[in-house]
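Think of it as A, B and C in the order they're written, each chain with its own count starting at 1.
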Amino acid sequence: MTGAVRGWSGLSDRNPLIEFVDACLRGPAQVVFQNNPLSGLLILVALAWGAFDGGQPRIFGGAVLGLVVGTVTALVLQVDRASWRKGLFGFSPVLTGIAVPTFLDDRPLMWLYLVLGAAATTVVTLALNAIFKTWGLTAFTMPFVLTTWVLLLGAYQFNRFTVLTDLKPMLPGEGTLTEGRFDWDLVPTFLRGISQVYLTNSWVSGLIILVALLINSRWSALFAVVGSVGATLLALWFGADGASLDKGLYGFNAVLTAIAVGAVLHRPGALVTVYTLFGIALTLFVQVALATVLTPLAIPVLTGPFNIATWLLLLPNRHFAPLPNHERVKETLVSTAKRTVRRQAEER
Amino acid sequence: MTGAVRGWSGLSDRNPLIEFVDACLRGPAQVVFQNNPLSGLLILVALAWGAFDGGQPRIFGGAVLGLVVGTVTALVLQVDRASWRKGLFGFSPVLTGIAVPTFLDDRPLMWLYLVLGAAATTVVTLALNAIFKTWGLTAFTMPFVLTTWVLLLGAYQFNRFTVLTDLKPMLPGEGTLTEGRFDWDLVPTFLRGISQVYLTNSWVSGLIILVALLINSRWSALFAVVGSVGATLLALWFGADGASLDKGLYGFNAVLTAIAVGAVLHRPGALVTVYTLFGIALTLFVQVALATVLTPLAIPVLTGPFNIATWLLLLPNRHFAPLPNHERVKETLVSTAKRTVRRQAEER
Amino acid sequence: MTGAVRGWSGLSDRNPLIEFVDACLRGPAQVVFQNNPLSGLLILVALAWGAFDGGQPRIFGGAVLGLVVGTVTALVLQVDRASWRKGLFGFSPVLTGIAVPTFLDDRPLMWLYLVLGAAATTVVTLALNAIFKTWGLTAFTMPFVLTTWVLLLGAYQFNRFTVLTDLKPMLPGEGTLTEGRFDWDLVPTFLRGISQVYLTNSWVSGLIILVALLINSRWSALFAVVGSVGATLLALWFGADGASLDKGLYGFNAVLTAIAVGAVLHRPGALVTVYTLFGIALTLFVQVALATVLTPLAIPVLTGPFNIATWLLLLPNRHFAPLPNHERVKETLVSTAKRTVRRQAEER
């Protein structure tokens, strides 16, 4: 397989079309911090499974369209080529492309809205990265979150759209909560916690995404599981809503925080793991708080809580013996977390 | 007329009172990015027309009072003199001065509130400019927006005030939308889209403001029209609320974005025009989204959407052959957009 | 007494346990910008009085637990030792520790929530300080405010908690306001305005806190009174809610603004006093505006308005002959406010 990878990599250097396909494939993988076209391909398979299995193939169409439009927009705006080739301008638009057909009803104008939204996601990515660079950070998936919030909130003011978020606008304390149960049905719930990173409610998709992580980084796969299991069990303990719990909706933000803080932006270790477990709880608390804020507006939290929690965890810039590169494990341990984050910042 | 302009300019250099009047006159013009006392005077005429024609002369009084208080506050706080002389400390307070008597009922305490609000607008201008300087940007009219939001939201907690925003607090989906129609009545709507920059609902005022733009910058006048027409037609197509549409309320934010992005902060051209058209759509989407967020609080969006959209469009700092200065058109084209924005930042 | 202070200070240098107790004691004093363990001890006495007198001793337990957990977390995260010794990592967690048992019902899980919240407050302190350093500012008590908002908003989504904020979720204009009266009962109200800085509704506690200020800085004590009296009278004049007024709820944010702007971050003087009076009005307006925004979510404003108003007042960075140090009053007057703020930024 290494030969195939090397062959593909060579093709990508020579052929602009292959280069474009390669950049596009890396997009879905960069959502979970992996720079690998094969992982991206597997994730697209997972998205296709989720969309067709759920009877909504247009969601998969939206994902591909968003990915392509966002990546092309970045080309037109002449972004940094190295970052572009790593899929760093595809990972937010692919999510916008999933979200729009998930939350708006099907009609031709929705597709125009999606195209404009995917292009806007790329502009917002450049804008937020310019701001977050000040503190050695990047925008993560926040451009997707902000753009999708704007598109959904805006759709309420347009007669041509119907918003299908399944969320009734409510003020705090108006609804009633039915708690979840601790039993073996939690295992598919944990996997759905992983698939929900891509707004997909399917344990099969979650399993495929886990494989996509595994082929590129075992630490990332491990921490994805830790994030989903940890946040779901904590939500269960505190008595969170059972229906949301069952769909994996308390897991997906913590999955991203756990991969970022536990496996990618620091060198995995004991202290880092403790900090990551704390980060999983922080992510859950930010998520339920944001849910209370957004429920009156009837829009979902998306991956906003992951972004907020992970920024808060990285900004203190503590020295946890960071991992600059999987290959250079023997590198001096004095390199600070700051340097790693900066490098990530430049890459993302 | 050039002679008269030169004579005025000389007077302004020698006489402190004339200098003060000149700085005040430039304020209203700087709302639409023009540094010209005659444009400012014409805009004041447009505001007077709108206020008297609408039967609310006190709104014009508020505009003048806000302008003077904001400009004097800047003097007391010893701001940069060159910026002050360009009217850059008058353009937000004049808007606060219009907004307070527009949205609060008439009583003596309202005038104290207005004076404190106009002074606060200048403090907030200095504060936000200090923050946005970090990214080569300025606060635009956001100090007016934030201050006025605070004044209106605060007024709900004071028995001495009655808020007259005509907005019923509602959660998303509670109201019903009646769409607008495509006919010749849209022409005055386009002009009202321009007058609404100054919270004024009058096509005559819109026309006078257009003339005020024209005498200083033809590109600015052209893009003001493009912004108003573009955003209004897009809102009509997507099925936005007909009553708001008729008042020009979907146009005024896009007017400002179009002038800023299309005519002032970049050198006008084909690629810039495409980016500006995209920016007009972005501004409309941000506006309707913000309207959904603010409707439960019963406050208007004001020019918030213009500020947000224009920051997002400028932060990526793309190279569109910028226009540093109307006089030096032959200047080398390699000067980057960044430099232009920085210069604007210092000026504003 | 000077001898006792010197003896304690020597002990604190030699004995790690005394050093820890000293750092903890300075925490409550740093809420009101005082670096003095005796002031902190007096404030703890005031908190104990308020908690026991109000029949809720667990609130005092929460204060001590939050203070210790936050201070220990900072040690574990290896923060700057000099700042840590000044109590700069205790002042926000002690407030979180008061807020959680004040606003959530008593049960074992609440204490776990409090411990996680206090630890999170320290992480958020480091994160926000990293951001605000960009503009020569610090996070003040905003880490407490944000963390507590998240904990309360999140609690609405957990069946294990009941939120006791006494705030009915309402949209603007839904309630009715009963105004306060101008009489001698305002004197205890002014003192409650000081105790409410620590979420405590007791004029006796307010008096003890005033003494705690007095023994360290007479200017701070004076401006605390000016802030409470000024904001309360202004709220009374504008017709604010009488019940909130009586509890001192319109005073406490202005108390903090007045100490910060009038006594600590600038050299006290005539122009600074005028600016501080303006700042007191600004703080009140921000507070009532924020109350309107947060009422639909049924969470309190806490000290958010002080933070926002004080940042806005400091960012313009005007030159008011700053006071770098109480001892070096004769120091050259050319030292800019910027330097003072920077020094404060490093200290806090």
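The definition used in the following text is that a contact is a pair of C-beta atoms (placed from the backbone, for glycine too) under 8 Å apart; a residue touches a chain by one contact, two chains touch by 3 or more.
The shown structure was predicted, so the numbers you read here are calculated from the model rather than taken from an experiment.
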item	value
Magnitude of the superposing rotation for subunit A and subunit B (Cα, nearest 5°)	120
Chain copies touching (subunit A, subunit C) - same or different residues, decided at half shared	different
Whole-Å gap between the CA centroids of subunit A and subunit C	37
Set of subunit C residues in contact with two or more other chains	134, 296
Touching residues (chain side subunit C, partner subunit A) in the complex	77-78, 109, 116, 119-120, 123-124, 126-128, 130-131, 134, 149-154, 156-161, 163, 169, 296-298
Residues on subunit C engaged by subunit B in the complex (per definition of touch)	134-135, 171-174, 177, 179, 237-241, 278, 281-282, 285-293, 296, 311-313, 315-319
